[in-house]
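Two complexes come next, and they have one chain in common, subunit A, joined by subunit B in the first and subunit C in the second.
Then we have the complex of A and B:
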């Protein structure tokens, strides 16, 4: 028996093993499968080719989709940070019914992506939609605006809905950050005659730096992967105006059955996400 | 001792009876998974549930588990499940998805079952085109279901209100435009609407325009696009200008799916659409106040050079991974039987791929079915090739670009032509 006894210092391996196996199963296996698929030629043939990647760079639609994704993510994340910070600052004050307002601010985040997309698609409907009805009654517009069918407005409309849907996540992180700033810092600065703007610039923002970095990194990853909202609202249209990487991969894989090409796009998306996440990973590891 | 012998015989008899009844009771109960997009649609959902209750009563050892799926997501669901070997035992798709399922080996060869039922004699009940469409490498890999042609479905009351005679629907596409101009009272009402979203069903509505003008998507061998032809350009221009120039379609057409269009028909926002047997029951379910079965009427599609319409065929697939092929075949046979196909018609007004059903008085006497059945003679199907979903996506993109004036119709169509040739060349 003693031959099979495990030394105490090796016991950790047994505790780590189930989690590691689970990770391999649900993460490493599909990821490696995608990587393998991406280097198979379309429709079968010899193993290992970079043809799918060269097709990808030559594909005008892919380039447009990539550009759409960058724009969608940049505007979504930027607006999330601005609105999230603004609402967090308000909700950090001692205002009337503060817990209720905090709850209300979180509600959009609770609504599933697809449900939010369907609701807003109806609200944006040019004939029946509540948005046009309200704006016409308020005298702000004179005719039915085609929010989801006008190429100049569609992406902005989707980003607007995504702002509503996604800002509570950033707000929650920043609110936690705001609550951890010692009050004494503000009191000392106020005694020295600092204005509210100076308090914000010199104390609040520097103290929130780490939280902002966390929110920024996580939100970028989330927004690159955003699928249900766009699929429910526009399915990538009109034309390819709102087609982003996640909807493009879905279409290539599940509608066109181009498994190899879809895998190549997915690999490119993963690499892009890893590159974006590197500063965050570096920051975390430096802290540890 | 005679009484002992009698009792012994009685006990033995009882034992045999109990044993045999317990053996019968022990026959394994089989559960079949049955999936259909109609399970999410009223009034289809009730008709299907009632039919399955009849099937279970006739086959006490079979239980049918219903798996609803949305029309749009059915291919995705069945493909993923088939790839994992876990597709429903029996599922419903439309005909233009069949090549993809056949190509990937996701449909069971039904020939052995059909041979047992009588082979070709058994198949004689169906229209030959329907059987041709479910064949793969000379073998039957699916059973045909609904079989319909696309027709004009219009609101007779709105016709009268616009000073048009409901008994005289337009015969040409020129007349169709004239009627639309009279029916349009924007921003309250419009003449015509068509689904312009990237949704399945677009080609059912658009293709008759293209074919009627003498154009087509691909060459007969499906090797190249012919969207650069004069006829295709004319058809495309005409279709786009209904929206951009004549404004006889409601705003937001590029985000409309089939249900949005039917909702507008149900609420008298539009006077007509291109539909089929399913239109009146669904419109009636959306707004019973309209009295769709009385107010709506059907007419053949207008003509330019050719009288032609799109054929709609749905098909039933048996998963090659089913653990109960015998029972699954019983279910397939039941849902495609004359009795059930007639039942689908009576409850849901869809005409059948079975000739014997469409000859029944219920079908012949129905004002919608009569027109739909008459147009089956002029029916055409979109190319049955695995690349079709990608091709129609490229084409719908062009339609949306032209509708929203991102590109001129000529430029949008030329780009689609080039892209489709690229798709075909890649997999040649």
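Then we have the complex of A and C:
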């Protein structure tokens, strides 16, 4: 970067430090406290033990919750990328009323996830809900399906709702990416006789690589942390079928008051999140 | 081939068929919510359900205020989100300007720090917050929640503001400095006024982040008088007999600020989001 530098470079401190100190105070300090709790034994006692970590390692429920989280995140993010890319590609054409379609497609993402969860909980109601009514009228199902009570369906139902809620963000980012691809690239390739599939593979996808990486990283982080949607729909039930790390940790803290154990789970979750987002942090901090 | 040159990848039927399906998918739950909110309690429990209310009425919207204190919930959400948004945008603008204009030692490390804090899960912090705020006498207060929400909003605000300030040419700073303006003069009298639309977008984004949160509110409040809209909605779910029309009315109004603000400022927000997350 060729920026003209004036001799008041030391002034950076006055701008950057207030926010930095605030973040240390409200974020880094409490985070370090969690780290501390996690190495205290449950129910008091001497300092420093890895007992909480070995407890969670051997805890079948924790393993199930971890598995649920992985499945929830993988399917949510995967489906967001597929549908988001599809809608972005279609919207990137010269079409009638593009802003209107974009606006409608954006709606699910703008409302709080608690609101999204509660609407769909009501839609999924076996007897009074819209989904079963629709499917029965269409002749697709014969009886009322228990979308949120049937252990086999419940996690998939929640993931489906999360598909609805989350695809617009990916669409938005990818649409911005698509719009910045120079049209001449396509025209040149089309003259050379490239098919539309080849255009997609050779021009569109490579040009979107960075946008896709960003969308992927941010979406993974957000879906790992998702709380309100699940809390509103199932509160982690039935059994532990839809329990994910964030709802599980919340319960350990505020329903069972196992502070030390909950902290250990939260620390593990945080390490996993930071590992996943490290390439993203590296990439962005190098560029800025 | 002719189609590609016109900027069309798919046929009209494919395009509009797909868009229609996606739009229906996106909007149907909202229609169902509005429809339910206009029903009576009795009609909401009809089998099979009615799609259009037989006798549309606003009873649900009235009982929201009378039977539950949704008015108070809205007031709490608004106050808390507003304070959070303004504070985090102010500190975010300062830091954003610093990162945008100065190239100092440790800059990359600090940028990495801001980015990393954006990745921390709230559940890592709610436990310590519960204890710390209790000690300070700030548990179950609006102030406590504002402090907590800064953790979510400040990294985002910094990032968005940096994106907006990056677009303001550096020459303007230099011109003002040469004219004898101090750095803070440059910041307050040149940069902030020029990036006012960006600030508005950042304030709104932070506002909506705070408005939509459930985790912190559920962990850091205990009395009815501190409940926010999202918690009001989430609590109703646990009740024995859910009054769906009222709950849908609450959900509609709870989602309304977000919908309206996005409608008004869609372009700016998209710009801000992509400026922060994505470089073109």
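Everything below uses one rule, namely that the second predicted complex is superposed on the first by the 274 of 288 C-alpha atoms of A that agree within 3 Å, B and C clash if a C-alpha of one lies under 4 Å from a C-alpha of the other, contacts with A are read in each partner's own complex, and residues count from 1 in each chain.
Heads up, the rule we're going with is that a residue touches a chain if its C-beta (ideal position, glycine included) is under 8 Å from a C-beta of that chain, and two chains touch if they have at least 3 such contacts.
From a predicted model like this one, the values you see are computed outputs, not experimental measurements.
Asks: Once subunit A from each complex is brought into register, does subunit C clash with subunit B or fit beside it?
Replies: clash
Asks: Would you sort A:73 into first (subunit B), second (subunit C), both or neither based on which partner it touches?
Replies: In the superposition, A:73 contacts neither subunit B nor subunit C.
Asks: Applying the document's definition of touch, where does A:89 land relative to subunit B and subunit C: first, second, both, or neither?
Replies: The answer is second: A:89 touches subunit C but not subunit B.
Asks: Tell me the contact category for A:127 with respect to subunit B and subunit C: first, second, both or neither.
Replies: both
Asks: Contacts for A:235 in the overlay, against subunit B (first) and subunit C (second): which applies, first, second, both or neither?
Replies: both
Asks: Going by the contact rule set out at the top, does A:254 touch subunit B (first), subunit C (second), both, or neither?
Replies: In the superposition, A:254 contacts both subunit B and subunit C.
Asks: Is A:143 touching anything from subunit B or subunit C once the two structures are fitted on A? First, second, both or neither.
Replies: First partner only, subunit B.
Asks: Is A:65 in contact with subunit B, with subunit C, with both, or with neither (first, second, both, neither)?
Replies: Touch status of A:65: no partner.
Asks: Identify the partner contact of A:170: answer first if only subunit B is touched, second if only subunit C is, both if each is, neither if none is.
Replies: It touches nothing on subunit B or subunit C.
Asks: Which partner, subunit B or subunit C, touches the larger number of subunit A residues?
Replies: Partner with more touched residues of subunit A: C.
Asks: Would you find which stretch of subunit C runs into subunit B in the superposed arrangement, from 4-12, 130-138 or 202-210?
Replies: 130-138
Asks: Taking the contacts subunit A makes with subunit B in one complex and with subunit C in the other, which residues are shared?
Replies: On subunit A, the residues that contact subunit B in one structure and subunit C in the other are 121, 127, 235, 254.
Asks: Of all residues in subunit C, which touch subunit A in the complex?
Replies: Contact set of subunit C toward subunit A: 1, 4-10, 15-16, 18-19, 22-23, 25-30, 32-33, 36, 44-49, 51, 91-92, 94-95, 97-99, 101-104, 107-108, 110-132, 147-148, 150-151, 154-155, 158, 162, 170, 174, 177, 183-184, 187, 208, 211-215, 218-219, 229-230, 233-234, 237-238, 244, 247-248, 251, 254-255, 258-259, 262-263, 266, 270, 273-274, 277-280.
Asks: Could you please specify the touching residues of subunit B with respect to subunit A in the complex?
Replies: Touch residues, subunit B against subunit A: 75-76, 79-80, 100, 104, 187, 197-199, 250-255, 260, 264, 269, 386-387, 389-390, 393, 396-397, 400-401, 403-404, 406, 419, 426-427.
Asks: Where on subunit A is subunit C touching in the complex?
Replies: Of all residues in subunit A, those touching subunit C are 1, 3-6, 8-16, 18-20, 22-23, 26-31, 33-34, 37, 83, 86-87, 89-91, 93-96, 101, 103-108, 110-116, 118-123, 127-130, 133, 136-137, 164, 168, 172-173, 176-177, 180, 183, 186-187, 190, 193, 196, 199, 210-211, 214, 218, 221, 224-225, 227-228, 231-232, 235, 245-246, 249-250, 253-254, 259, 262-263, 266-267, 269-270, 273-274, 277, 280-282, 284-288.
Asks: If you look only at subunit A, which of its residues touch subunit B in the complex?
Replies: Those residues of subunit A that touch subunit B are 42-43, 55, 61, 121, 125-127, 143-144, 146, 148-151, 233-241, 251, 254-258.
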